[in-house]
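The structure's right below; bear with me while I get my questions together.
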């Protein structure tokens, strides 16, 4: 048996049709790729098929170019979109923050210790506060202040940095800024935000204060893709924390930190491990 | 030591002031009542004090009338409202249902086995479906159908039954009817509803369908007091259930049943054990 | 799209080898069976492969006999053991109980309302207490008292009943008797027990008392297959319940009931939906 | 109303007796100390009383010496042991580690951001690996290697450091060394260990490997006081993490990290907030 950490990941989606699994798994067998794990799902409402496979090539000269070339004629009749991710791939992640550091500290810890298999080439913030944390990890930190007047310009600077650093994924780790529609469009599907409530409850600003006003007995966090409707992007995962009458907004904020950072970590991990598929405004997540 | 199940329960609330605890506990000691457990809470925002005490009288001739009489002069300067609940008190609970039986079955099971220390003198429904369950438990079942035209009349019939059976608490165990403002007023503070979502998310009808549309990764249930604003009454307790992309509305409904019935049970238990206090539109719950 | 409740279930296991998925999915496609859902797992330590597929035949004249006949020559080189389960299959479940009724009540409720897709042709107990519950559900109830002297004979009676009623699965719903090694062997792999602790903690008798002595802050329940080593059979699923210093053994028993019955229900559901595979003394569970 | 963060904490324990609450709360009222929160518990088995009060002095010249002097004559008849903790008190915590840094990183983050109201004057390890983390936080780091031969000497060095730095509490943040009985005695009641299993399951070495062997579906962590019986000290709190068949020992180790660090954090917080009382080999924890 091979080591599962040598696994390539194959992901695909197409309209539901007889043979969608077979076309993939037959090709895997014929091209001598050993399947470690397979997840598939058929959305009966959308009539859409999703599949994720972890496989290990048994031939030493495995070539992704040849795989893609050979598979394309088989995929065509199914109108299948697919992607191959090599085991050594590390997504290049830009982290955007404001002043809160619990999510940033958590992501950097998991990055530093290898729990999160990513590169973090750049951290961007509208405040200077967290530069020391970036420095200690040897990561460039850009302080790009923002005002109503400079918003367009600041967002352009961010987009330029994402381009310069060849960023695959943007993580809004409590960035606390409402992105412009243009920025949302630019980041569509490649940015993950953590919102500190169980959406759709308590959208918008100060959700813990809203939660306290309402007297809820659970607070939570929602990690979702950014789209152009604030706090309405497709949800990847959610976490909860029981609270009680002794909590005031300040202690809700404090109690919520752990669930925020764990929820954000899970979402980033699912994303980089290619476990998340968009299905309309919903997600298919082959979690483990 | 005495048996804790012999405990009387003392509950009180008043504006925050120095000595609010002392006035109670001193009286307890002087009147030879042994305190088993004490919970207190000061709401700093409302400046309101809440206390719950379980105690065991050490004198055989303990008289609640004398307790109340003696305590009243001490309570007066604090404008304290208090109540005594004897260990043998069983609240008389009316259960209102429609066609779903998971909450009813659960409450009746706990009632029958003594886990829920209540009387259930009457079950009322707008449908005939669950009469067999009531019959098996030997509980009168009233089938009061409802239409838009007969709503006022039907609600009057219900109120008459609550009166006839000397009901202390009404439990809406998935009753599925929107109560009229008049009915809500009549039940204010003495009716508990279970809503099958994590309020304030997914108010109103078909919350599991709403949850599926939104693509959330958690569903939940909220037990709250009825007031005159639908699904907006003070929350007593909430429960959650993780879900995923393989769930359709039908399986959400099925998966949610356990959390609904446990959440409703907890709320009823907290209420009858005098653990719940209203504090504006929020609750103080001395849970255990 | 077809209705997923029309799904057949295909399960198989064999040694790990290139092509284990392909041999199944290719056959599915060629024989015009639409795959709704697929789970597979390769145990790298045991080098064993497990697969579970839900599929819908697209041909009206689907014949399981023909499926099995045609597939056998393909399965042979892989030494694959497989099984087909039709959508209309209801496992015949015998429930064994003593005096505690929370698990029995829960299973019967879910059976009666269709949440658990089983038949319950017989209930067997060493006490007469729960006969009324069986009667109300119209299920034969056998009271087979047991003493040290009559144990062998009583167990023989049980086995005879299991045979007479064509039982597929035995559920020990807090049966509270230690089965003889002979009985364990006879039930090997076809009986599920609920133990009221988080195994391997607190094996044996009175686990809640043991838990209280130890001062743990979590109690739990473990559903496992019966084998010939008491409380050591392969674990299917576990549940937990936080507790605290105010709990005495009696309240642990009461608090544990919900987690016991939900854990047992989940295990029975996983079993009848063919989601559980034995892998040595461990289980593979394709839960949903 | 005063700010709750100005609260003094009063804790006491004594044999159960009529008036144990009154003697405290009457004194509080008479000495003009405003009670924010009160928890009490009577252990019916041990006949022992426990109480924790948060209070705010209403007089500017509040003197703990005078409080203690005045209260002593009242406490005497009850054989009550009590302690006063001022709001500005920060416990001096020494952290002991080996090579794993997830717990250390977590504690230091919460210390640095004020979530954990402690001083960390010293970090001690038998390995040099984590010195950089200590350095970045400006905390002295002592690398004291240990072998079977040098164990007694190394432990003496540790004890000398605890003395030198006036340490109130020792936190074994995955220190991975079995302490000698002498060391255990020296630390009795003032050291907290995190064990990476749900005790009493999987005591001793490599609990995640044990858990994998057993095939459990939940792993957990247990924070407990150190006493002279390895992994048997009084449990403060426990946490759990569901796992499944796809987990190998390595992924259990990884998945368990979050629950280990949160469980350890909670235990430390409960301890420094004076929420934990010893009651034989069990604990009373007035958590919030």
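A, B, C and D label the chains in the order they appear, each numbered from 1.
We adopt the following convention: a contact is a pair of C-beta atoms (placed from the backbone, for glycine too) under 8 Å apart; a residue touches a chain by one contact, two chains touch by 3 or more.
A quick note: this is a predicted structure, and the numbers were derived from the prediction, not measured.
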item: Joint neighbours of subunit C and subunit A, given as chain labels; value: B, D
item: Far-end chain from subunit B, centres as C-alpha averages; value: A
item: Of B-D and B-C, pair with higher C-beta contact tally; value: B-D
item: Between subunit D and subunit B, distance of the C-alpha-averaged centres to the nearest whole Å; value: 36
item: Centre-to-centre distance between subunit B and subunit A (centres being mean Cα positions), rounded to whole Å; value: 41
item: For subunit A, residues contacting two or more additional chains; value: 37, 41, 44, 244, 246
item: Touch-based graph of the chains, sorted into line, ring, star, complete or other; value: complete
item: Subunit C-touching residues of subunit B, taken from the complex the two chains share; value: 37, 101-102, 105, 109, 113, 115, 136, 244, 246, 254, 257-258, 262, 288
item: Footprint of subunit C on subunit A - complex, ascending; value: 1, 4, 16, 18-23, 25-26, 28-30, 32, 34-42, 44, 47, 58
item: List of subunit C residues in touch with subunit D within their complex; value: 41, 43-45, 198-202, 214-218, 220, 234-238, 240, 244-246, 248, 279, 281-285, 287
